[in-house]
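Here chain A shows up in two complexes: once beside chain B, once beside chain C.
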Partner chain A sequence: MSPSQNSDARRISLRAFAPHLLALPLWAVLGVFLAVPILMIVMVSFLDYDDAGLIYTFVLDNYRDQLGSAVLWRTYFHTIQFAVLVWALTLSIGFTVAYFLAFHVRTQLWQMVLFQLCAIPFLTSNIIRMISWIPTLGRNGLLNQALAASGVIDKPLEWLLFSDFAIVLAFVHLYTLFMVVPIFNTMMRIDRSLIEAARDAGAGFWDVLRNVIIPLSLPGIAIGTIFVVTLVMGDFVTVRMMGGGQSASVGLMMSNSIGLLQYPTAAAQAMVLLITVLLMVAAILRVVDIRKEL
Partner chain B sequence: MTSAITRRRALKSAAAGIGLAAGSGALTGFPTIWAQNIKNITLRQFGTGVSGQNPIAAKVKQDLGFTLNMTVLDTDAAAQRARTQPNSYDIADIEYFIVKKVFPAGVLQPMDTRKLKNFDKIVPLFITGKLTPDSVIAQGTAPHTVGFVEGKDSLKFAKKPTEWFTMVPTIYNADTLGIRPDLVGRPITQWKDLVDPAFKGKASILNIPSIGIMDAAMVCESLGVIKYADKGNMTKAEIDKTIGKLIEFKKAGQFRAFWKSFDESVNLMTSGEVIIQSMWSPAVAAVRSKGIACTYQPLKEGYRSWGGGLGLAKHLKGLELDAAYEYINWYLSGWVGAYLNRQGYYSAVLDTAKQFMKPEEWAFWMEGKPAAIDITAPDGTLMEKKGAVRDGGSFYERMGHVACWNSVMDEDKYMVQKWNEFIAA
Partner chain C sequence: MEKRGLAFYLLAAFFALFVVFLYGPTITIALLSFQGPRGNLTFPMRGLSLHWFENLFDEQMVGDFAGSFGRSITLALIVMLLTVAISLLAGLAFRRKFRGATVLFYLTVASLIIPSILISLGIGLLFAVMGLQPTWWGSALGAHLTWTLPFGVLIMFAVFNRFDRSLEEAARDLGASPFQTFRHVVLPLITPSLIGVGLFGFSLSYDEFARSSMTAGSDNTLPLEIYGMTTNVTTPVLYALGTMTTMFSLAVIFVCVTLVVVLRRK
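Let's look at the complex of A and B:
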């Protein structure tokens, strides 16, 4: 064996091994901060508990109690309702905004300026943006005062605040950007000559939209959808603040259990939610191949 | 005769105060080195906003020389911290009903009452459960039932007073409904007024299950729909019935919102979203300080009461443990007591607190007399104008009408499930 052969062999084995080495830090981070915590949640969700703490026996009660309760199903139904409604609204608003930015604004400079403008509210905290709705929508809030002053209403509208309306409004306000960004991104990659070709072939505005732009924007729509759906499914702060604590969501239910030190129940609730959301994401990915985007 | 005793006590307390100010070394007879070391000590305390107030920490630094770090959490988060992160704190400033859940987990160490200088002056409510010898013990997790354990290493609550405290009591109060007298339009006299259809869409109840259920029970009992054997320890059937009633009211649109933190209740009240609700006394004061009328309305059926105290973390030992005892003795020696009394709470040792309050302040806060001077909060802001009378009257009138204490039930797990049902309904 000549020295050069030997070093070649070593180089090859190193080269084969290199990608794994490079991926190692990521694996370590994901392992420590994602896999281990989830495994612990899985473990705790099967434990029993009492006032003094966890009891290390394997029980299915935590799952049985909640899957058997009508409240859980009702709460899931309610939360999914929110998710669907918010998704539909953010999608239509987000798509329109992205379309405007991508196809109507001609210069790249203005595209970037307007795009940044969309992001400016996000420099403040999520909670602040949400809370600012409260004095706006309240019984004696800005909107009611304005409506009363202009004579449109003679009694304040009660359903504006602490209602499902307020919750959906806040969600849409908070999450529309998560739709705008990925859709805008995919739209920018659409080859303009395709649109010209469609026009040359006699397609009108709606034909172009339906047959060219929407199909090519699907990966962006799918990514936006995943963002919005997972955020809404797991939310508890918005529901609590805007619903005045009167409305339930899966996240709020969990936070109540945690607040009362009922960790196994909360863990089981978390597992059920995780599985539900993963199924939803899997369904979205089946419909749209987002790898095209990447 | 009585006045002579009071004066003697006053002198004693004053002497103690001077002793503390002069340096803890002199008072406790520790060597000088201790007095120097103690400056480097930092005690980490967490608790709810009621007593987690920075002026207390500043005064500790000034009087005792060591540093007290305070973390303020909401009720639920405090219970979690106590239970799950026992090494993250040295002193737990928590409520008695939380102690019932937390102490058996072995995260706190029993406190030697012989080391507490003012132990014999602590309000008997926390020792025997009786405010005066002939009072009836209220329902719920009364502090004295979880106030003692059987021994130095015991996790078992003692049936009667022992030498081992689970926590030293520091602060307590009697809670009731807060109202906007300008908007309710009629006298409010009973708990059931919370669910009067006249206040439809303008009422609120707090969404902390273990406390909210008690307010709900007070309402149901006042309505005459349920008679509880013990509101603080309901049977499953009683829980079902109570939550059933709550759901009925919620579906009828009685409630505007539910609140979870102190400031939420203040905002609901000041904005006029809500005109009658469960409330805590400093929240009422906060609404008033904005120039909005708010009454902490005494009700026929009595108050829902709560008590808090300081517990020692299990891991404390040596110099830090000594410092913690020093801190607790200081806490009961009057300055903090007066500070808390002036905010409408009650301190566990009344005699010492009295020495730190003006006679007019004492008469207003504790004796229920009309204010002879303008009453100011500890930070100097005006709380009540001359001539005002405290809602509910004197200490004995308020604490003597406690119907139940905040509690943890045997059916706690079930109650929370049901409470979630109410919120989701």
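Let's look at the complex of A and C:
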């Protein structure tokens, strides 16, 4: 073999190997900080524990105690209620906003500017955005002041802050963006001539919406739904901060177990949550095919 | 052009209300952070002062603000650099078929939809079982990457899906080596997207709470510090802190957007 052939052969094998090398850092990070930690949770969920720490035996008690407790079922029911309510609200608001941006804003520049305007809060702190409701919803907040001044109420409403209402409001405030972005993206790809054709064929506003725009926006709606549902199902910060200790969620229950150093219990709760979330995502993907979006 | 109908005005009004809903609360705390020294957490304003901003640096009032701010910025910068580098490499890898590509892709998507508290718990347990101390620059760094990388990789995925390969072929036909093609053709075209990935990496890490909660160890990052404050601080110093960090985030966004606009002009 001549030297040049040799180096060619080496280059070819390097070329074939290149994607593996390029993907290696991603494999490493997701392996160490995602896959192994999840396996860790699986393992710990079958361990026993006492005051001193973990006991390395195989027990099913963590699951049995949990699934047999009425508190767990109530908490799941409550969390799923949050998820459904927040989903319905973020979807209606997000769809309307995306529809306005995609079909009623006429220049690309304005479309981009208004879209960025919706996206910027995503890059600021969630905790600060929750705190920022205090002056509006508090006992002496703007809303109570306004209602009192107009004579609608004679003593301040106590349920505005630190309540399920505040939790849902904060979720909608934080997560509507996760609906706007994917729905806007799919809407921008809808062929405008389809809409014109429908109009020419005599379809009214609602016909076009129901038979053209909504079906073609479904992948975006599905992606937004996956985001919102998984974020709400796993949340513990919003429920704790906006609920003021008055409300419960699956994530908060887990976070409390962690606080009490009951790791095997927390791990079993984590597994049940993970399986619930994955089943929900699988159900969404069964209804809508999002592969075209990727 | 078609005349704007009633639908447009109704939708525009709805959009305007949505923007007020998004930004209104932030603006109220920005105003209230300039309360006079006797002011409290709600309106009315009792005078106008910088009192609460001065209080930020008083450790007895707010704890270790300067330290946690420094840690959060450092961590966010490291996360940003790693997110850009790893996403770019993975984006290049996914342009060709390779064994394990599908598994890696699903792992990336899983990283996006698995609740943060699970990642936090899992990494916390991993470090505990291995007898390692969790630290903000170790375990928390890893936890943040599981959140920023999926965004970065999916953005690069979208970028390369729309990338015009004929430009590279032209460079190759003119005798450019693979590295030269990358350096002088591909890289300049994708730089704006890389800045976007960097912005995501920085901001998402800088504001992350849930994934830091069990992984940051004994030294708090800024969101953990702010969260701790919400339970015991009941003065507008909380708002001053909120206004500071929000202004900082907006400044970072502004710098990135300006960079992209300047690059696009060239």
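Annotations
In the analysis below, the second predicted complex is superposed on the first by the 265 of 294 C-alpha atoms of A that agree within 3 Å, B and C clash if a C-alpha of one lies under 4 Å from a C-alpha of the other, contacts with A are read in each partner's own complex, and residues count from 1 in each chain.
Heads up, the rule we're going with is that a contact is a pair of C-beta atoms (placed from the backbone, for glycine too) under 8 Å apart; a residue touches a chain by one contact, two chains touch by 3 or more.
Just so it is clear, the model here is predicted, and its values are computed rather than measured.
In the superposed pair of complexes, A:Ile38 makes contact with chain C only, with no contact to chain B. Legend: residue contacts after superposition of the two complexes on their common chain; A:His104 is shown touching chain C, with no touch to chain B. Shared-chain residue A:Gly138: touches chain B and chain C both. With both structures placed on the common chain, the touch criterion links A:Thr96 to chain C but leaves chain B unconnected.
Contact with neither chain B nor chain C is seen for A:Ile290 once the two complexes are overlaid on the shared chain. Within the superposed three-chain model, A:Ile258 lies in touch with chain B and with chain C [touch as defined at top]. Greater residue coverage of chain A by touch, when chain B is weighed against chain C, goes to C.
Chain A uses residues 134-135, 138, 140-141, 258 to touch chain B in one structure and chain C in the other.
Across the complex, chain C is touched by residues 18-27, 29-30, 32-38, 40-41, 44, 54, 93, 96-97, 99-101, 104, 106, 114, 116-118, 120-121, 123-129, 131-136, 138, 140-142, 145, 173, 176, 205, 226-227, 230-231, 233-237, 241, 251, 254-255, 258, 263, 266-267, 270, 273-274, 277, 281, 294 of chain A. Partner chain A is touched in their complex by these residues of chain B: 76-77, 79-80, 83, 100-101, 104-105, 155, 201, 207-210, 250, 255-260, 267, 271-273, 408, 412-413, 416-417, 419-421, 423-425. Remark: chain A residues 51-53, 65, 69, 71, 74-75, 78, 134-135, 138-141, 158, 161-162, 240, 244-248, 252-253, 256-262, 265 touch chain B in the complex. For chain C in complex with chain A, the residues that touch the partner chain are 1, 7-8, 11-12, 14-15, 18-19, 21-26, 28-29, 32, 41-43, 82, 85-87, 89-90, 92-101, 104, 107-108, 110-111, 113-119, 121-126, 128-129, 142-143, 145-146, 149, 153-154, 157, 199-200, 203-204, 206-207, 209-210, 213-214, 223, 226-227, 230, 238-239, 241-242, 245-246, 249-250, 252-253, 257.
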